[in-house]
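Below are two complexes that have chain A in common, paired first with chain B and then with chain C.
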Partner chain A sequence: MNFLRIFARNLLRGPSTVPFPFGPAWTPARMRGRVQFKLSSCTGCRACEQVCAPGAIRFDKTPEGLRFMMWHNTCVFCGMCEFYCPTDAIHQSDDWHMAHAVGEKYGMAIREVIPYTACTGCGMKTLASAPNPIGVVPPFTPEEVEQQRNQCPACRKKALAERGTPS
Partner chain B sequence: MTLLQTLTDSARNLAVRSPWIYRINAGSCNGCDVECATTALIPRYDVERLGCQYCGSPRHADIVLITGPLTAHIKDDVLRVFAEIPDPKVTVAVGVCPISGGIFRESYAVHAQVDQYLPVDVNVPGCPPRPQAIIEGVAQAIAIWRQRI
Partner chain C sequence: MSNFTIPVGPLHVALEEPMYFRIDVHGETVNNVTINAGHVHRGIEYLITKRNVFQNVVLTERICSLCSNSHPQAYSMAIEQIAGIKVPPRAEYLRAIADEIKRVASHLFNVGVLAHLVGFESLFMHVMEVRERMQDVKESIFGNRMDIGANTIGGVRYDIDPERIGYLRAQLDALVPDVEEIIDLYHTDNSILRRTRGIGVLSHADALDCGVVGPVARAAGVNYDVRVKAPYAAYDRLEVPVHVLHDGDVWSRAMIRLMEARTAIDLIRQCLDALPDGPTVATAERPAIPPGEAIAKCEAPRGELIYYVRMTDSPKPERVKWRVPSFLNWDALGIMLKQAKVSDIAIIVNSIDPCISCTER
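Showing the complex of A and B:
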């Protein structure tokens, strides 16, 4: 009589086939999908380029600044870039709808430039990247981040030293 | 002439409902092949709802799924099998390996990208792509195939 139980259960629950593509598909909460890059948080430390196994992430020096490039058609979605990013500037969203016609192949990339700026302290040409928050106690306030963004590495160190350490 | 035209039209209308899928393994690690098999065989994903069916012979195929980075060892065989598939056909590159080489990019043993040698129509990136993503790619391929037939 076991088949009757299975029969009744199938009648009540309906088919187990997911309705996609005719309906929505369930996505796991920790799905590693399309990469999102937040330019304002990037420190330009290039750790993501170092740990990217297939070489999907590349940094180039251009006349405008440091260019970040990331190719979704090379990415293996391992999540190492997100793991090693000190400021969560790189994040893997749960968007997996990436099937595309071959004409859009070269559009499946992120291209952003961290621009050069003049240091507010000494006037030297420097990258307008976010400061590295590792080991900074207490953590940077948003105002301090904006202040440090427009400083060269030497002036950033000076500002950190003047900030002092908590007793 | 009109009778022939009518017969051809009705045959075409019947054919667009059921493209047959053929899978070529161009030196894949088997990850994408497992996902392709999952898409076809497990009732949860069931690609046959779209009218597709996997076939064993390249001469019956309409939609080709290519997995793997086209290794030097398998390249000639893949090109020969691909040439046996009758036109019109739609090619889907499953996984990052056929699209760009993925983790094997710049290796001496692979000839990625596949679209240097074969006309690819749809790319499904992922390592491996999830079954729903493969279904999405197959759905796009069916849309292209309906325009071609």
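Showing the complex of A and C:
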């Protein structure tokens, strides 16, 4: 008899399912969905590639630079890449609407190139990647980021040393 | 009455997991059971040696969906032991919270499926709806309904701010009356009692013999809970009541799970009350892992889960071996099913909350 009470209550409350896809489905803000990549923040450290269990993230060298590739259909939405990324270059958005026709499967990827550039200090060919912000106190200003981006690793180090490291 | 041999599984309407039972029956009474395994073997012990320490946090999480927090938890603890990493206090509490949230959802799931097997579909749906609140909590706080991704080497990957603590508390407050109502229902409802009281009995002596763990052991009077016997995460600072019943039947196992779900809510509240400030992970960058070996264990929803990890100079583990709770509980099925009625087989199998995906891995 107990259950009849629950039954009646549930009946009065109406359905608890949502009419998706004919209506909106509730999505929490923290939902770990589609991976997004922000080229201008990427340091090229490849930490994301190393922690990605299914191998959804791959880097390879092209004549133009270092290519970042990420395959959405291989991703397991674990969030390791975002957690170990030193900048905000990789982020899982709350977008989970990823069903697609088979024909579009090769388009379900991110392909971006960190280009080569000539170092503004010594002229050497180097990657125009964002500098690693870990341990930099006070944090880089946007101007400094742009300045460092166009320098080779050795010149970056020099600039950091001249900047001084306050304790 | 004549003797038959009937196959149950590996694909069977009443079995939640792919197990194959060859059952010799006399009339409708079970005489002998042979259990066959191997239907969901995925070679994870091999795969784990092909991935580095950090990738394996994610691989271990995918061994089983219902214990998906306990596997990376035990794995991380073993690696932390090898590397001598000290987990910050806040991370220890957050680990306990993640563990208990998963426990509530896992136990309610099993108890709900019991109602389904009994044929009480409306109760099944009601329990699943109550559980849905915990699923929403997981999705809101961790970002995923099953693989919550709470752990990493040296700490946790999530944090809760006052707003989320408020949300979590509100959800727990709303969950308590529902869970208590369900406990009451399983205590009194005749449809449930008729099908579960005195069914699939595992005596205290047999429980010790088979070495069963988790709710299966505690329902047979074995007072064993890793959270109390060998506390990990923040459990040494929490008040963890261990529920023990003595009948060892299907009903007792369901009641243990329901009471533990209720207790888990209190444990989460204790954690929220005592949550210390500070970092959530030992090092922001990936720590170096030296060679070495370690054993770690934790109390998964299904019982004691043990991990052994051996590292060499390579970033990939040389060997990872785990002993899962279902492996031992599964052995006890042979005893529980003796002299059972054919119609009770599915209910008895479900009562050990079998997890074949982690047993066969």
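Brief remarks on what is shown
As a convention for this text, the second predicted complex is superposed on the first by the 153 of 167 C-alpha atoms of A that agree within 3 Å, B and C clash if a C-alpha of one lies under 4 Å from a C-alpha of the other, contacts with A are read in each partner's own complex, and residues count from 1 in each chain.
Rule of thumb we're sticking to: contacts are C-beta pairs under 8 Å (C-beta built on N, C-alpha and C of every residue); 3 or more make two chains touch, one makes a residue touch a chain.
Everything quoted here is computed from the prediction, not taken from an experiment.
Of the two partner chains placed by the overlay, only chain B lies in contact with A:108; chain C stays clear of it. Once the two complexes are laid over each other on the shared chain, residue contacts for A:99 go to chain B alone; chain C is not touched.
Legend: residue contacts after superposition of the two complexes on their common chain; A:125 is shown touching neither chain B nor chain C.
Contacts of A:16 after superposition on the shared chain: both chain B and chain C are touched. Of the two partner chains, chain C is the only one that A:52 touches; chain B does not reach it. When the two complexes are overlaid on their common chain A, residue A:76 makes contact with chain B and with chain C alike. Residues 16, 53, 76-78 of chain A lie in contact with chain B in one complex and with chain C in the other. Residues 51-52, 54-59, 61-62, 122-123, 126, 129, 132, 136, 139-144, 147, 149, 152, 157, 181, 184-185, 188-189, 284-286 of chain C are the ones touching chain A in the complex. Of all residues in chain A, only 2-3, 6-7, 10, 16, 28-32, 47, 50-53, 76-80, 83-84, 86, 92, 134 touch chain C in the complex they form.
Considering their complex, residues 15-18, 20-22, 25, 53-55, 71-78, 96-102, 105, 108 of chain A touch chain B.
By the touch criterion given at the top, residues 43-46, 49-50, 93, 96, 99-103, 105-106, 115, 120-127, 129-130, 132-137, 139-140, 144 of chain B touch chain A in their complex.
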